[in-house]
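In what follows, subunit A forms one complex with subunit B and a second complex with subunit C.
For the complex of A and B:
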């Protein structure tokens, strides 16, 4: 089912959480709402679920006006960051809840409920835990119960609010892969909220980058990473070196001409240039303009701090390349930039 | 104490030639918190001095009657009727409080309205008011010529003062804060996500209330009920003014004890007190076990 958000606006007192947001979620896709805290991504998700009502705008679920519908009538599965499992119910009862509360005519029989719940618990690989209470489960297991519970009502749309936010790094990664695989199997239209750019880029079919209640860019992970539409998107997606510069005739000059970077596009005058650490090349040069102030080895990669006429830059390369260059902290070096993005200031 | 807890740990003495001491049979689980002996000792002596010794004195005093004397003292029709009045009406009042006290707590937690602080403070008044004052006020109000007693009598034919109904009203009055104050904090801490989850799963408000909210606050509600009930059983001051104190009909147990004392029947008074103590203890124990069972269902 497709979701159509048109001109949704939401204010909390003086704070504008959403400022006429336009968005279309395609049927069967896995979409990420990515942004820093306070960017309005969770509010947008809660409006889709009916847990929050907007001050203006429209919302279509599968072509039908949905703002007048109560959450229970929207056929939307919602997964909360902190699971929100019913504490006094077992795993089985939690998953069965959505089926048991149906009106008498639509409620499946006890054996049918048992069959469906058993099937769902198999899907989330929690069959042996059916009789346990939520407090007896780990965070990752609880989140999978929450997912099974949301899927039990056969929702048309699955909405996930920071689903991995409360989990530790390793479990988060596992669960991420697992969710992607699950989505490939059942193809339910899904929207998840995250502030973790790695999570959004790895998991989603399309990423919506949000900032201060507005959408900055919508695109595939490759599009938003390689062709960021704004300075904000560039800065938010991954590590970045930022220079204030002046662009004249396609050349961005940094500082007192210490660095000249070729640019594309029609930007002229004062601007901001962004360079990813892995696009910053370093070559040893005894009379070079820059100095290496530190080298930090992190797993297979090396992070190199460079001092260039008072600017602190960061370069990244693998350890093999570092060994080939044979540079050490304190050496002088030259730097060259393969790729930079310039935005007018 | 800490050393003993260390030495019988699972790894004690492994791989090294140390004297392995036989594990000490533990009365308690090993804990990192110090001062178990001191605090338990203090707790027991304090409880003994404040609670157990006076109660023991009561039982000793009544034991002078002998078993058959005790039995005949507490099974006279007048005493049995007073038992029925005291426990029955306390139970009814506590039940009323459980329902309406919950409602008050719900309104105070869930809604914002002008004068909320004032209403919140009002709830505690029955705690602060001398019970005799409450009793006099209530009996004046509900007397056949009182502000409320008169219309109730004329319109509905309902007599409140000097009937069991009056006693129930007095007990409801003094027991209300117990329910409100025990339920309020639990309701406050209830995460809204669970209700939102229930709503998005298709539950109606009523279903959400019955299957999500009520089970979460039920232990607190039972505590409030038990406190209100216990307070009602022991209440004296507010009841004697509104009750009319007719033996066998509106005479409560505490009053009966006072009457026996005035007649210098100390052993009889002690016997009734002991019987009351026994019944109260058993009922509170049952309520406690009930609560423990409810908690164990989701806090294992």
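For the complex of A and C:
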């Protein structure tokens, strides 16, 4: 089922959480709403579910006007950030809840409910835990119960609010892969909210980058990473070096001419240039303009702090390359920039 | 042999008594625990024992006679009636008040919370007087009520009103922090899963607060049956008609009828004990679930 968001606006007192947001979620895709806290992503998700009502705009679920519908009539599955499992019910009862509360006519029989719940618990690999209470489960297990519970009502859309936010790094990675695989298997239109760019880029078919209640960019993970539409997107997606510069005749000059970067596009005058750490090349040069102020090895990669006429820059390379260069903290070096994006200031 | 002493002295220091950072020496522990126990025995246990000892001083026959005497029976019945009306009323009010405080944001919420606490901060005598001023013969609605032929003060309705007022905070005070801590995530989850508001309330909200609710009701009931001050003002002390158990105890005591006074008092004391036992039993029996509901 497709979701069409048109001109949705939401204010909380003086704070504008969403400012005329336009968005189309295609049927069957896995879409990420990515942004810092306060960007309005969770509010947008809650409006889709009917847990929040907008001050203006329209929402179509599968072509039908949905703003007038109560949450229970929207056929959406919602996975809450802190799972919101019913603490007094077992895992089985949690998953069965959505089926048991159906009106008498539509309610499946007890054996049918049992069959469906068992099937779902198998899907989320929690069959042995059917009789446990939520407190007796780990974070990752609770998250999967929440997912099974949301899927039990056979929703047309699955909405997930920071689904991996409360998990530790390793579990988060596993669960992320597992969710991607699950989505590939059942192809349910899904929207998830996250503030973790790595999660959005790895998991989603398309990423919506949000900031201050507006959408900054919509695109595939590769598009938003390689061609950020705005300075905000550039800064938000991954580590970045930021220079205040002046562009004259296609050359961005940083500081007192310490660095000159060739640019494309028609930006002139005061601007901001962005360079990703892995696009910043370092070569040892005894009379070079820059100095290496520190080297941090993180797993297979090395992060190099560089001091260039008072500017602190960061470069990134793998450890083998670091070894071939043979540089150490305190050495002087030259830097060259392969790729930079310049936005007018 | 100076060389020997220099070796043995550090060795004796190197083996300190097994003691963790948070453990106090034995004499401190004994003093603290002993002091606490002595205090409890002196101020709680001894009076309780005294009540039963005094009540049974003339034997079981006199004890039984004091409890089955018509005025005593009337007092017990009246107390049960008052509790039977005011406890359910406060159960409803308490759940409704905590529901709206915990799950909604509105203007004047803090004022409401303060108002809920009012009966705790006002002297019970004042609480009683308020009702006399409102509904008494010379009160605000006095003439109107007399014309309608309704008597509130010096009658059962007055007792019930005063009791409801005094015991109002028990359920709400117990539930508000619990419901605030639990938030409304589970209710939202239930609604998205297709439950109606009513189903959400009965299947999600109530089960989550049932222990707090039960505890609040127990306390509310204990106070409703034991309330003296407010009830004393509105009662009029008509024997066999408007005397609750605490008032009956006072009358008997003032008449130097100590055995009868303590016999009725012992019923109230037993109520307190039963309340404690039930609460402890529930906590023991359902400890896991209780912990789960507060996780």
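Quick note on the criterion: the second predicted complex is superposed on the first by the 345 of 345 C-alpha atoms of A that agree within 3 Å, B and C clash if a C-alpha of one lies under 4 Å from a C-alpha of the other, contacts with A are read in each partner's own complex, and residues count from 1 in each chain.
In the analysis below, contacts are C-beta pairs under 8 Å (C-beta built on N, C-alpha and C of every residue); 3 or more make two chains touch, one makes a residue touch a chain.
Values in this document were obtained by computation on a predicted structure and should not be read as measured data.
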Clash or fit (per the criteria above) of subunit B with subunit C on subunit A: clash
First, second, both or neither for A:86, with subunit B first and subunit C second: both
Contacts of A:58 with subunit B and subunit C, given as first, second, both or neither: neither
Partner chain in contact with A:294 - subunit B first, subunit C second, else both or neither: neither
Overlapping contact positions on subunit A, where the subunit C interface meets the subunit B interface: 49-51, 70-72, 76-78, 80, 82, 84-89, 97-98, 101-102, 133-135, 149-150, 152-153
Subunit A-touching residues of subunit B, taken from the complex the two chains share: 191, 193-194, 196-204, 207, 211-212, 215-216, 297-300
Interface residues, subunit A side, partner subunit B - complex: 49-51, 70-72, 74, 76-78, 80, 82, 84-89, 97-98, 101-102, 133-136, 146, 149-150, 152-153
Footprint of subunit A on subunit C - complex, ascending: 185-186, 188-196, 199, 203-204, 207-208, 289, 291-293, 295
Residues of subunit A touching subunit C in the complex: 49-51, 70-72, 76-78, 80, 82, 84-89, 97-98, 101-102, 133-135, 149-150, 152-153
